[in-house]
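Per-chain numbering from 1; labels A, B, C, D, E and F assigned in written order.
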Amino acid sequence: MPMLQVNLLRGYNSELKSRLSRVLTAVISGITRAKPETISVWIDEFDSDNYSRGGQVRQPGPGAADPETLVRDYLTAMEQRELDTARRYLSEDFVMTFPGSGDLTSLNQLVEWSKGRYRFVKKTVAAVNVAYEMGEVVVFVNGTLSGEWPDGAAFDSVRFIDRFEIRDDHLVRQDVWNDLANAQA
Amino acid sequence: MPMLQVNLLRGYNSELKSRLSRVLTAVISGITRAKPETISVWIDEFDSDNYSRGGQVRQPGPGAADPETLVRDYLTAMEQRELDTARRYLSEDFVMTFPGSGDLTSLNQLVEWSKGRYRFVKKTVAAVNVAYEMGEVVVFVNGTLSGEWPDGAAFDSVRFIDRFEIRDDHLVRQDVWNDLANAQA
Amino acid sequence: MPMLQVNLLRGYNSELKSRLSRVLTAVISGITRAKPETISVWIDEFDSDNYSRGGQVRQPGPGAADPETLVRDYLTAMEQRELDTARRYLSEDFVMTFPGSGDLTSLNQLVEWSKGRYRFVKKTVAAVNVAYEMGEVVVFVNGTLSGEWPDGAAFDSVRFIDRFEIRDDHLVRQDVWNDLANAQA
Amino acid sequence: MPMLQVNLLRGYNSELKSRLSRVLTAVISGITRAKPETISVWIDEFDSDNYSRGGQVRQPGPGAADPETLVRDYLTAMEQRELDTARRYLSEDFVMTFPGSGDLTSLNQLVEWSKGRYRFVKKTVAAVNVAYEMGEVVVFVNGTLSGEWPDGAAFDSVRFIDRFEIRDDHLVRQDVWNDLANAQA
Amino acid sequence: MPMLQVNLLRGYNSELKSRLSRVLTAVISGITRAKPETISVWIDEFDSDNYSRGGQVRQPGPGAADPETLVRDYLTAMEQRELDTARRYLSEDFVMTFPGSGDLTSLNQLVEWSKGRYRFVKKTVAAVNVAYEMGEVVVFVNGTLSGEWPDGAAFDSVRFIDRFEIRDDHLVRQDVWNDLANAQA
Amino acid sequence: MPMLQVNLLRGYNSELKSRLSRVLTAVISGITRAKPETISVWIDEFDSDNYSRGGQVRQPGPGAADPETLVRDYLTAMEQRELDTARRYLSEDFVMTFPGSGDLTSLNQLVEWSKGRYRFVKKTVAAVNVAYEMGEVVVFVNGTLSGEWPDGAAFDSVRFIDRFEIRDDHLVRQDVWNDLANAQA
């Protein structure tokens, strides 16, 4: 039953507005238990000379990148070992942690660390979930890993989950959990 | 800069409305990159005889439980082995998976399975994140485990993450990852 | 899909607001072909010190009587020949026309005119429709008549329609059509 | 004093929006007794990517034909005996009733039935009223008939009223009352 | 024709809201040339738990004193030489200027300065005008002075205007012009 | 914290809308004591076929001239003794009063009157304030005068204030106060 009206400065693209509507609907539904199909969202766009704050006309910002797309693109680049591409998604102070790795602060460090662990690894994604926190966006990716152990033996169906923190369209943190240790044991 | 107006039927409590405002603000901020302090949310509440859909007056629903509180309460009950309390948070078709456990469908099964693995385990929560999906809410809890191995030796600082799916105020799925296998190795 | 917000001064009763919502929904649906169940109406009520026009606070009016109820009550009073009651529904300049009667301006005139036509007549209402015109409300009642001819013979299933014009909660005009002449022939 | 805001998907033409405003104003005025000149209607149009229900973008419908125009066009076609044109306004299950005719289900049937009754008949319309019901629109046309009896004698000033039910831009029912029997007697 | 909706936190009194509506109407009318009687203002009041900025619930402020009342009360106190009362309306850094006085920073200074100028003076107010500037309110009072010269001779109809700057409900500046020098010459 | 939504017919230019937003913000801030930077103003513009009053579509008016600009342009024309230009800003019944002048009704009268008073005079404007009253706009200009006395001696830093009443984009009244008499004495 709820109705949302969102006043925005004009300039965001259709994909962003559609994503915004979907997430707002999911939030309203999740918190009020109203069924999504009874929730309507109206986005009212205003030219910049029709909005002021403190009596001053304001300019619209660019909007954030889709966090799911950002994370998927990063994961694809990593899987294909396109490190230069992958690095573009990282903030200056990016930190990542894998099972047993401690904090790693560069992709080179990660590549070095993973050498003795597997020849290669591929992710099959089961679900991506995005949590919007005040000031940052947290993306979770879970599914299964397949690949080859250092001795060439294959493995698959190994559960994993990645947790990414995003600020200003860049990854600031990646935390990885998986069952590789169990699988190897 | 964005402004949200939410039309709701009157009857939700202050905590729910405040939570709704915070999450909506975080979503708008996360998607548009507007700073939270420039985002205002106005909740306009309507008596049920002031709202109609299809020309029919509608009654407000009860609102959903706070998903973070629900998950924390469940984890507390489990940690204290208050299984009867814990069971009240579970749906009929609840399924859980731990590293190496496969699908478990009852808390008794879980208790049985974990016997040989540790004497007890305690969670120190670092972060809880809530992702609102259409039709379900997904809650992530990550942090570290401490406890005792079967031989009485203590362990701590073992990373973990739990992923919970919630529907209709009940947990339908729990997926757990942790570094216990690494820690034991 | 359409959404209506109606700003009203506080003070109208629930029945009136509910009727207003239903009629507005029917109008929106009839003109846009949107299905009624997708149309929501929000009535936002304002205390009189929260509304001004021309900078002046305004007082709410009393609201109009339900035109269908008004007409049905008038018809009941007439059927039961409670002329004093019926007269209260009429404006000063009320005029009525029946088949072959020409303009009649008082209920006494009507009673006189109808004497040779039937001993009594009863209405079975099939439908009441209300048309809102700028400045007046027009109510249509159609169905069948039953009763007795002057010779005591019974008749029934004689089609009729009444058209009433209402201004300021009073009937200003009644026009009647029926098949009594055909039935008699 | 009331104020209406109507949120619509963009795409309805000026005539429809103007008609919508007029009817909404008449309804509000008729129900609250506020004077029409104090009632304002604002139609806020939204591009389809700025509206969602259930998180899904929706497309605007075509809008309904003006019911008064539809009925007048049908009556004109019938008066000129352009039956093919007239038939385009009728639904599959169209039914009509004239004084003494019983239910007629085709225009041919009507033409046959009316043959012995008059050579031709013309309508002078005094008023058209439109009542919006949930799921259908009912149009009333009243005025006077003029024409020639089978023997060539002229008649005029014979009162009539037509009641039309419209669904999905087609007539589903026409009920006719008039004083022809009285005039002939 | 314009319509204003003002969202406010609940808690301002009727007088303030009525004054707000009048001034907003005058501003809209003065800038758009729409006639005041076509301008409606709706004040929508929200409980503090129904409004958030930056996801935080906000408390309503107290509202400012009516600037015209504040200035009139100060002038009355001065006319009656109730200096203690008058002082309560002044900010710490209050400055005033009269014709030929230069800057005076205390009421005592003013009383001293005016001694040789007149025995007493009374104001007849013709008009009070309030100009709302960003960050301050400027009040203008004009009319005529009457009183007695030091020699006991009476004077009247001497034009004057006072200009007051108000910040945080206190006078920060008073500038006075009048025709006393012309009258004396 | 307050939020204003202004519904306007489309057609006002950016400068007017920006001025409107500034003045509305200043009014809201001045009356509620909310800080300007927490006040947002949204101007929602409607095509004329999307607005009706009394069921009738309305045309937007032209908007008023900026009153500060109007007054400054008039003062500039007067200072440069471009009387024909200055006259275009005056209403038919324009009246002005200077210290000791009584009511003057034409610019020629003013020029005549001022002849013996100074050779020329120039204004240095310190502040312009605009007060919006219901039905008229009042503009105040204060600052200092410099110029030459009839004997050629220079003067400067003489305080002045002008009060202008504007209706329908024309000056209807000018009242002037200054310290020239004091300066001369």
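Methods note: a contact is a pair of C-beta atoms (placed from the backbone, for glycine too) under 8 Å apart; a residue touches a chain by one contact, two chains touch by 3 or more.
Keep in mind the model is a prediction, meaning the values are calculated, not measured.
Undergrad: Can you give the shortest number of steps from chain D to chain F, where adjacent chains in the path must touch?
TA: 1
Undergrad: If I average the CA coordinates per chain, which chain comes out farthest from chain A?
TA: Ranked by distance of C-alpha centres from chain A, the top chain is C.
Undergrad: Give a one-word verdict, same or different, on whether chain B and chain C use largely identical residue numbers at their interface, taking over half shared as same.
TA: Under half shared, hence different.
Undergrad: Farthest chain from chain B, going by the mean of C-alpha atoms per chain?
TA: So the chain farthest away from chain B turns out to be F.
Undergrad: At what distance in angstrom does the C-alpha mean of chain F lie from that of chain B?
TA: 61
Undergrad: Averaged over CA atoms, how far is the centre of chain B from the centre of chain D? Could you give it in whole Å?
TA: Once rounded, the distance between the two centres reads 56 Å.
Undergrad: For chain B, what residues touch not just one other chain but two or more?
TA: Chain B, residues with two or more chain partners: 1, 3, 7, 22, 25-26, 36, 38, 40, 42, 44, 51, 53-55, 134.
Undergrad: Could you list, by residue number, the parts of chain E that touch chain D in their complex?
TA: Residues in contact with chain D: 1, 3, 40, 42.
Undergrad: Which residues, counting only chain D, touch chain A once they are in their complex?
TA: Interface residues on the chain D side: 7, 44, 46, 49-55, 57.
Undergrad: Under the touch definition given earlier, write down the residues of chain B that touch chain E in their complex.
TA: The touching residues are 14, 17-18, 21-22, 25-26, 35-45.
Undergrad: Enumerate the contact residues on chain E facing chain F in the complex.
TA: For this pair, the touching residues of chain E are 1-9, 12, 16, 19-20, 22-34, 36, 38, 51, 53, 58, 60-64, 67, 97, 99-100, 127, 129-138, 140, 142, 159-161, 163, 168-169, 175, 177-179, 181-182, 185.
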